Every structure is written in C-alpha cells, then in structure tokens.
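First, the structure itself, so that you have it in front of you.
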Amino acid sequence: MIRVAIIGATGYTGLELIKILLRHPEVVITTLTSRSEESPHVSSVHPQLRGRLDLRMADLGPKEIAKQADVAFGCLPHGVTAAIVPSLLEAGLKVIDLSADYRLDDPAVYAEWYGHTHDDPGRLADTVYGLPELFRERIRPAKLVANPGCYPTSAILPLAPLLAAGLIDPTSIIIDSKSGVSGAGRTPKLSFHYPECNESFSAYGVGKHRHTPEIEQILSTAAGKPVEVIFTPHLVPMDRGILSTTYSQPLKSITEAEVMEVLREFYRGEPFVRVGSNLPATKDCSFTNFCDITARVVRGRILTVSCIDNLIKGASGAAVQNFNLMYGFAETTAL
Amino acid sequence: MIRVAIIGATGYTGLELIKILLRHPEVVITTLTSRSEESPHVSSVHPQLRGRLDLRMADLGPKEIAKQADVAFGCLPHGVTAAIVPSLLEAGLKVIDLSADYRLDDPAVYAEWYGHTHDDPGRLADTVYGLPELFRERIRPAKLVANPGCYPTSAILPLAPLLAAGLIDPTSIIIDSKSGVSGAGRTPKLSFHYPECNESFSAYGVGKHRHTPEIEQILSTAAGKPVEVIFTPHLVPMDRGILSTTYSQPLKSITEAEVMEVLREFYRGEPFVRVGSNLPATKDCSFTNFCDITARVVRGRILTVSCIDNLIKGASGAAVQNFNLMYGFAETTAL
Amino acid sequence: MIRVAIIGATGYTGLELIKILLRHPEVVITTLTSRSEESPHVSSVHPQLRGRLDLRMADLGPKEIAKQADVAFGCLPHGVTAAIVPSLLEAGLKVIDLSADYRLDDPAVYAEWYGHTHDDPGRLADTVYGLPELFRERIRPAKLVANPGCYPTSAILPLAPLLAAGLIDPTSIIIDSKSGVSGAGRTPKLSFHYPECNESFSAYGVGKHRHTPEIEQILSTAAGKPVEVIFTPHLVPMDRGILSTTYSQPLKSITEAEVMEVLREFYRGEPFVRVGSNLPATKDCSFTNFCDITARVVRGRILTVSCIDNLIKGASGAAVQNFNLMYGFAETTAL
Amino acid sequence: MIRVAIIGATGYTGLELIKILLRHPEVVITTLTSRSEESPHVSSVHPQLRGRLDLRMADLGPKEIAKQADVAFGCLPHGVTAAIVPSLLEAGLKVIDLSADYRLDDPAVYAEWYGHTHDDPGRLADTVYGLPELFRERIRPAKLVANPGCYPTSAILPLAPLLAAGLIDPTSIIIDSKSGVSGAGRTPKLSFHYPECNESFSAYGVGKHRHTPEIEQILSTAAGKPVEVIFTPHLVPMDRGILSTTYSQPLKSITEAEVMEVLREFYRGEPFVRVGSNLPATKDCSFTNFCDITARVVRGRILTVSCIDNLIKGASGAAVQNFNLMYGFAETTAL
C-alpha cells in the first residue's frame, strides 16, 4: 500500500483527491495537513467524508510528513508550495503538485505573471508537466510532477494535435473558456458569494489570466514553435465543469472530417479523451476524468469545443492519473 | 418631493430600495451612507445602478443626514441602528428601520434572543410594527416604523387571520420556512460561498432563529392570547423568495373551503395579498410586493403555503409601502 | 459474474444504476431495455456513458431478457412493471423493482392512490420492502424486492427508530420534504422546464402524494400500530438531494440527547446511515448512498432532519445495496 | 391611451411585455391572443399576473384584433407571423413583430436559413430593423417594425461602432455568445429539462444558428460593406441574460483607450447603452433594458464584452422602446 499525504486538504481539490483515493485499492491516506492550529477532524471540514475517513488535519513539516507518507499531493495555493517542495523531495517523498508553482519552465515568465520571484527556480526547467496524453513517458519515472491547470487541460487537449500536425497558424488561436465556480477555490469572496454569481455570467481576467503562459508553453512544445493565444476565461453559475471553445486559422483549407480524424488518431487508445462528433456539454463528463472533444469548420476557421470536470480531469483526477503512472498501477485505477 | 436617505446602502435591501424609489414619482434620493471611508460611487458598489443614480456613499452622522433628507430608511445590521435612531428622530427625520432593532416590544426578549442589551429600550413598546395588513392605521402617523422581518412576513400573513378568527390552537403552530440566499445578506461567508450552497438544501438555526419571538409577538397580538410556534428555517439554492409551509391544529373541525373563506375575507381589498386556490411558487411573486397564500386541510390539520420575495415584500417593498402610508401617497406607488 | 438487465434504462435511475454497476467487480451489464423502436446505443441516450458501456437498448420480452441475464432491475414507471414482473420471475430471474408497483401490501390501497387496479395483486402481501436497515434478513433470500421510494427512505429512516421505541404519538407526525428536480424523472414537462422551476421553490401534491401510504405502511410496521402522517413534498431548484424535516409529539417528555441516543443505537453498525449532531445539508451526501440524520427537541416537539441523494440512497444505490444482499456480496460493494 | 394587443401571449416575451406595459401610463392592454381553444385567463397561464391584469386569452383573427387595439405586438414563433401581418396592417394596426419573420431583407436568405419560403416576401426589403441605436429615425414613422433578435442585439451593439469607424477587418469577426435558458422559449424539451441543463454548459448550433445572417446583415449595413462572422451560441444554466465576447482584427494598430473612445462617442446620449471600463456581468443589467459594453485589446486583437437581458433589451424591452418611438412617447417610458 502506498502511503499518501495531502498537503493543504481543506480546499476542493483536497476533498476530491480524498474521495478518489478512498476508492484506490493500493492507497492508504495517512496524512492531511492544513495550516490551521486547531487540527480539525477531516469530517468537520468536509462533512461529505463523515464515516469514510477518520483523520485529523495537522500543521506538519516535511520531515514529519515523510515519516508517515511515501508520496505527497500538494494542494496549496501557488507561491507556498515551492517553499516546501525541496524539503519534501529531499526527505524522500515523491510529489505531485496541483499548484501552479512548477508548471512554467522559465522563472522569469513565472515572475512576470505571478508577481514574485520563484522560491525554487533551479527545478523549473526539468519538472515534467503532468499531462499524460502528452508526457506520459516522462511522468512515469518522475519524482516531482507539476499537475496541469484546469483551463490549460481543457485548451491544450483539443489544440495540441492540430499544432503537432502543423494544421493551424500558431499565432491565430483564440481560447474562449467557461468555468464553474469551484475553480475559484473555497475561500469566500464577494465575487463568489452566492447571490452575486448565481444567475449571472461574466468574463474576468481578460488578457491577464495566469493560465495564459502555461497554455502557450505547452502548446509551443506541441507545435515545435512559439504559440501565442488569446485566452478569455468566464464564470458560469454552476459548481463544476469547464467548456473551452477555440478558434484557429488553418494553414491550408481543411474539412471538418479531416480535423476530426487528426483528433481521433492522436487520442486513439487514450483512456480519458473522448473525441466525438456531438457537441459536448460539461455535464457529460461531470464527476469523471474524461475530456470530451469535438471540432467544426466554420467559414474556413477551425473550432473546437472541449469539456472537462475542472476538479477531476482539471485537477485531482489528473493527479491520480499521474500517481498511477508514477507507481506503475493501471492508469485508470480509481478513476 | 420627499428627500430620502438610505442608511447603510451597500447591501441587498439598500439596492432594492434604491431601485424601487427611483420609480417613485414623489421621491428624490439625496443621501446614501456607508461606513466605508472611501465614499465610493453607488455604481461601483452596485453596478446595476450605473447611469441610473449619480451619488456617492458617505459616512455621515444624523445631523448631516437631516440637512439633506426628510426620511431615513435604515438598512444597517441589528444592534447598530438603535444607536443612531434617537438622533435621527431628534433631528426631525422620519425613520423606517429595516433592521430587527425596533420590532420586539420587550427589551428583555430582545436581550435574550440578540445577546446584548438594547440601546434604546424606552422606545420599543410604542414603535409600530410595519405590517400594513395588520397595523395600517398606526403606521400612517408614525415617526418610526419597524419594518418586519422577511420570515415573519411570510408566516404572519397566512396565520394571523386564522388566529384572529379563533380557528386554531395557538400552541400547535409549526412554521417550516424556506428562503433564498439573499436573505443572508451580502457579506461573504463560507456557508454562502457559491460552491457550498449551490446544489444543496439545508436547515439552519433550528429552534434558535431570532425571527421566532418576532413571529410569536405579532401572532399573539392577532390572537389576543399567547402564541407559541416552532419555526424552522431552511436555505434554498436560489437568489430570492421565501415559501413558508405552516401546520396548525383547528380548535374544531373545519373544511378547506371555510379556511379559504376566512383568508379571502381577511384580505379583501388588500393590494398586495393574493389568496388563491393554487399552490403558489416563489417565482410567482419574485420581484414583486405580493404575498401569495393558499390553504389546505389534510388529516384534520390546517396547512397554509405562502410566498413572498424576501427582498421586496419581505424588506424593501414593504418599507416603501410603509413610506407611502406615512406620507399619504397611494399605497401601491412604485410597487 | 452476475449478468444484469436494466429494464427501462433511459431515465435517471437507469443511468445511475449503470454508473454504479460499472464499478461493481462481480457484475456484467448485459441487457438494457427501452420501449423505443430504434434500439439506440446507450451512449446516445446517456452521453456520460460514452466509452464506458458499449450496449444498445432494445425492446425485449421477459424470455429474451432471461436468456441474457440473471437479475433484472426494473426502472419502469409504476403500472407498467407489474405487468411483466410475473413473467420475469417465472423465467427464473431475480427482480429488484424501483417502481412503486410492489411497495404497498394491500391492492385496495394501491388502487385508491394510483387510480387503477393492480395487475399482480396476489404478490403484494409477500413482497419484501427493500429497505435494508429495517428488512435486511428478509431481503437476502428474496426473489423480488420492492425498492423504496425516495421520499419514503428519507422519512422512514429518522422516524422508524422513534416509533419502534414507542417514543412518539403515531398520529402526530408531520413530514415536510424537499426534493431536487431529478426526482420528477426525465420526461420534459412545463413544471420542470428550466426557466419555470429554476429560481423558484414550490409545494406540490399537498395531502395527495402517492408516497403517503408507503410511508404510513412501513412506519406502521415499525411502530406495531397504525401510523398516520401528513406529508408535504416541495420542489427545490437543484438536481438531486432530498431533505426531510419531521415534527412529532413525544408521548412523554424527552431530551435531545435521549432522542439522539435512540437514533445512534438503532443505526449502530449500519454502513449507510450517519447519525450526527450537526444539521446536515443535502450536499453532504450527494452522489453517495448515505443517509444523514440528526434530531432536535424544540418546544417539547421532536424534530428530525434527514438527507439523502434521491437517485442513490433514494433509488439506484439502495437497489444495488439490495442486490448485494441478495447475492451475498459485501453490502457496500460499488457504493 | 393606446390600445395594445399581444399576439401569442403565452410565452416569456409575452409575459415580459405585459409586465412592462402594465407600468406604461399611456397604454391599456385590451387583447391577448393564443391559439389555445380554451380561452384561459391570463393569470392561469402566467401566475405572476394574478391581480394585475384581468383578461382572457382568445384565438382572434386580425379583424377582431383591429376592433380592440391600435397596435399589435407579435410574439409568435417565426413562420407564423408573416401569415397574419399583412392582414393586421391592412386592418389599420401598427405592428411590432418580435419574431424573426421580418428581420432579413432578402427572401432568399430567409429561405436558406429558415428552411421554407417566406409568406410575405414583398415587405422584407422595406421593413425597418427595430434597433433604435442604429435606426431610430426610420422606426419613428414605421407601421411595421422587426424587433431584433436577442443574440444579434448583444453582438451588433458592440461591433457596429467599430465597423462604422472602419477600425476592424469585416471578415475577421468571431462572436462567442452565452445565453440563459429563457431564450429557448417556454415549450418543454429534453434539452431544457431542468436536470439536463442545470449544472451544465454547452455549445449548440455552431455555425448554423439562424441569428448569423441577421447579425451579418445589420453589421454590413453599419460597415457599408459585406461582413462575415463566426457566431457560436452557448447555453448557460441561468434564467436570463446574454453575454457576448467578440474578437476582431483591427485594420491598423489601436489602443484600448482609442477603442473605448469610439464606443463612448457612438453611444453618447443613448439612454440604454452603458459603455464602461469594467467587465460587465449579465446580472448588472438583468431585468433592465440596458446593454453594458466594454472593450479590451489583447495581443493586438480587439475584444468586446457586452451584456443584455435577453428578454428585455433582447426582446420585450426593445419592443416597448420601439413602441415609444412610434408613438412619440419618451423613449424610456416604462423601461
């Protein structure tokens, strides 16, 4: 049995991780940390877990965590994780980090978008980006995996095959994304106060969202050349789910059938990507680790529509998929 | 034109008041106060008001308010209002207070349920409870009106006629109420964070909710004898609306038709109470000042179902109804 | 491997059953029936199942079903099931029926509440009601199990212990229930059209809901004497979840702690009933087979608040729990 | 007083029209038609109107309508209206048609997108498109006004100024729109069944939506040259509101401030268009006739974000705005 620690278990990604891992036959959750001084029982923070997991959260350091666990899932906010990951790795743990701290290769880009210098810059270039569909073989042996962001997962999966095949102009890409509110985390704020965001739809962070460089970095890798995107996130009055609509300019005339064939071929055999002809709804993959993708050609432009559950394929499900790869379990275990 | 001040205009009742009063042909809103130091423009706090009201909020004292206004609507939290109402009245303003501060007659009951002694206890016994359907003639000449709570309005309107007619046992009453989230106000808290309360339904404050003594006091007045109720509030994942289901024991056998007739007769001519045979939905009176009521007799017990918009008939609409009575305007003006 | 047929697989309970059974290590789903002539692929009806179950729905008779399956889950509307259950049983299948057809013992009561005579009246008295917490030992050997209704499950679980212990007046019980919209099934109707029921809360079927005699029958069994209830269902703008608030008169004075102890003792060791002191929210048990229960004593009356997921513990999860009992699998398998 | 008929009053646009017109001091609603044989009272169809409008709906012909009314608002589905408008006009009525029947200039384009030949093709070219911000002077004297579609209003208002100023490439435009469910009308369908579309977000009609030629026609008029757009509608789990995000290629380099200035200048003095620097949410203009617009420049591309209430500015509010223009009332009356 692999002993698992979840660092920062009070949020939504922590909760989803616990629910998935409780179904995993090779895992025992031994450690939940939170920065609270009160060491609450996990079921008082997450009532859904009553009778399912009998653990208290504690404010533990890396060495204490290492005594109790073989692997740590980092569910902390960005900027906090990088301060402790070196100690966790040094203590012998494997780490799957769900924050943004190790996703970007370049400390300068990190500093530009996140507004502070990185605490562990030397490790950035070598850390693998935990998107199994693109980097499966690099994930297997990794000690540290940077789990992808939710928006990036929804946008990279439909676009990477088109860029890898050289079908589209890498500077023409528009990504119009829509996310449920759980993507904003569990800290109460006016914007996410029920009567403010219920019965409302809004755009936010236009041109400034931190997932932009992450998307561009991975798509550039897929394309083998620099990719620039316009990324516009929107907030949908629902708990979970992301739908991304992308628009890009083909480099030569192409049919819808040809685009679909490129997508189908790229994801043949992938357990969690479903390429289909129907327009997907986020509910089709809610509470699952699937990404649903389709494509259209409209007035000569290629459109893709893709859906994920932001907390599963966009966070905790992908993290367990990475965990399975790192430990040699069947990739779909518990998912 | 009556010059209106709204004291504490940043919340939902303040916003609804402004929207109603902007339609009132005899009103000019001159003053909006908030305890913020920044004197924000009202449209930066309430984007709905952009282009509709050009005022800044300011942290003003009673004398300054009195220079600019004839009447003040109090939209502050309970416990704060009673500290300033005496000065407002002394400065010559009429006051319609939407907080709970002046609703209870007895300072001891106030202290018991609100956990602190009242700042202006001498005024409690004489302040009129601003439910026009019961106290219209006392409201007209009043200088200070205590605007009813949202749950109490939804529960008192169906039950008062039955108690006034001596039809039901005054110790048998159960009130099972369900409210949209705007009733909880605009301050972000975990309980009202979108992903917490969306797609969920819960009971809260069972046996302890502060509207209990308010309901009992007014129903006792209607009955002419002490009334005790069990009041159970619940939170519904929607913005607005309250539905209250009440259960009471008739003192002698009675038919549904007889109960309906008592209700219809009691509210004949009332502009904002609609007694009907259909089971109402909260949406039927959303964004209106109506209260919809029906009754059933099931296994010998009398059931009533009543709906209001918690922010209109349950707060700001009722306040304007009271305002119209106090100034001699048609009671339905702007409503 | 047990071969499973789902009769009437196009609705929500069918979908949930499939999702649960796909996780069951001892089950293979071999047969999905629907009355459609088109034999659609299950994933075209339920896009959530794309890539997870490769079956077509077909309009099959009992003999054909019996060739392919060992057990049939009936997900048809009431009135249809009783016409085919005799043939299914005769063909050697075990049957777990999620409709209301075999829940009532008395054909006369069925006819009164469902408006037509029962097609298989002789089997009613002996069919076990599939609520494991009350009838586990009768379920194990059964060939036919009548799976409980969603509202009844939410109401019986908190009340049966109080009645069994003789604590409450069996004629005093009020059940005020609130359900998400999936309880109404998947057939489009104006009442469940999104813009009609979203942002609205309503009561329906007051005094007339067909779950009333079902609740009374099982509670009478628990009490050992006739029980009468007032049952008021309400519609909540959310997908899933039922919360029932019950009110009953204790036969002698009792404390909250004593009530809680009766509940805790009754459900000690039960895998899916969580008795706790906190007021539960439906979200705490959404997508799980748990029932959360608490109690309060208010003004001498006993209140209980209980939550279930109407499609899981209130339908498909309970059906799999029964299946596990009938086949000797661990009761929690796949749940 | 102008006597108003509403043709096809059972849907959402009919209801909103009634609610707005009940506030209009110069209007009396005399006639409500519906194709039902039962002549239901309007309050049995729309419970919100109980006690507010005492009329029955009837299945009346143009001559009967003309006896009772001066002006008819057409709220019928497309394809039905054009069959009766000639008779209504001949009978002396003015007509404001909320359907799509008279929006397109070219009968061939109508036939291509709507799948049948137009019943009144000769009138198409001369009918004014009822968007006051663009065609106010042509609306004033009109006998027949084609009220704009909801999506087109949300897309044309931000884009027309940019095209009129020659700032953007007329073949580069992408319109990514998101609408609440009331836009789909009041007829129950599986797609709009609450448990299907709640907690879900989806795209639909990609590349095929009938509002595409309407948007292109009006934008071409604004640009003075042919405009082609990619229009992608999405369904948001909320009652009302449309947000459109547009992307277009400037013909020469331009700053955000310059774009904003073009928008502000174009709409200076317009009572219902609010150009502002903040990103708007649909809730900011819910239940109002406002359109909120902002713009951004991201990676050299111009983005606009615009919001309307689809039933008010996108339908019934705009219709009353047109009515006010046609009868010489203040344009904002009742709005």
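Residue numbering begins at 1 within each chain, and the chains themselves are lettered A, B, C and D in the order written.
Here is the rule we use: contacts are C-beta pairs under 8 Å (C-beta built on N, C-alpha and C of every residue); 3 or more make two chains touch, one makes a residue touch a chain.
Remember, it's a predicted structure, so these values are computed and weren't measured experimentally.
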| item | value |
| --- | --- |
| Furthest chain, CA centroid comparison against chain B | A |
| Between A-B and B-D, the pair joined by more C-beta contacts | A-B |
| Distance between the centres, which are taken as Cα means, of chain D and chain A, whole angstrom | 39 |
| Computed distance of Cα centres, chain D from chain B, in Å | 37 |
| Between chain B and chain A, distance of the C-alpha-averaged centres to the nearest whole Å | 46 |
| In chain B, residues with contacts to at least two other chains | 180, 196, 198-199, 237-240, 280-281, 283, 286 |
| Touch list for chain C against partner chain B, complex | 174, 176, 178, 180, 196, 198-204, 206-207, 228-230, 232, 234, 236-241, 243, 245, 247, 279-283, 286, 296-299, 301, 303, 305 |
| Of chain B, residues touching chain D in the complex | 47-48, 50-51, 199, 274, 276, 278, 280-281, 283-288, 290, 292 |
| Complex contacts: residues of chain D adjacent to chain C | 12, 180-182, 186-190, 192-199, 237-240 |
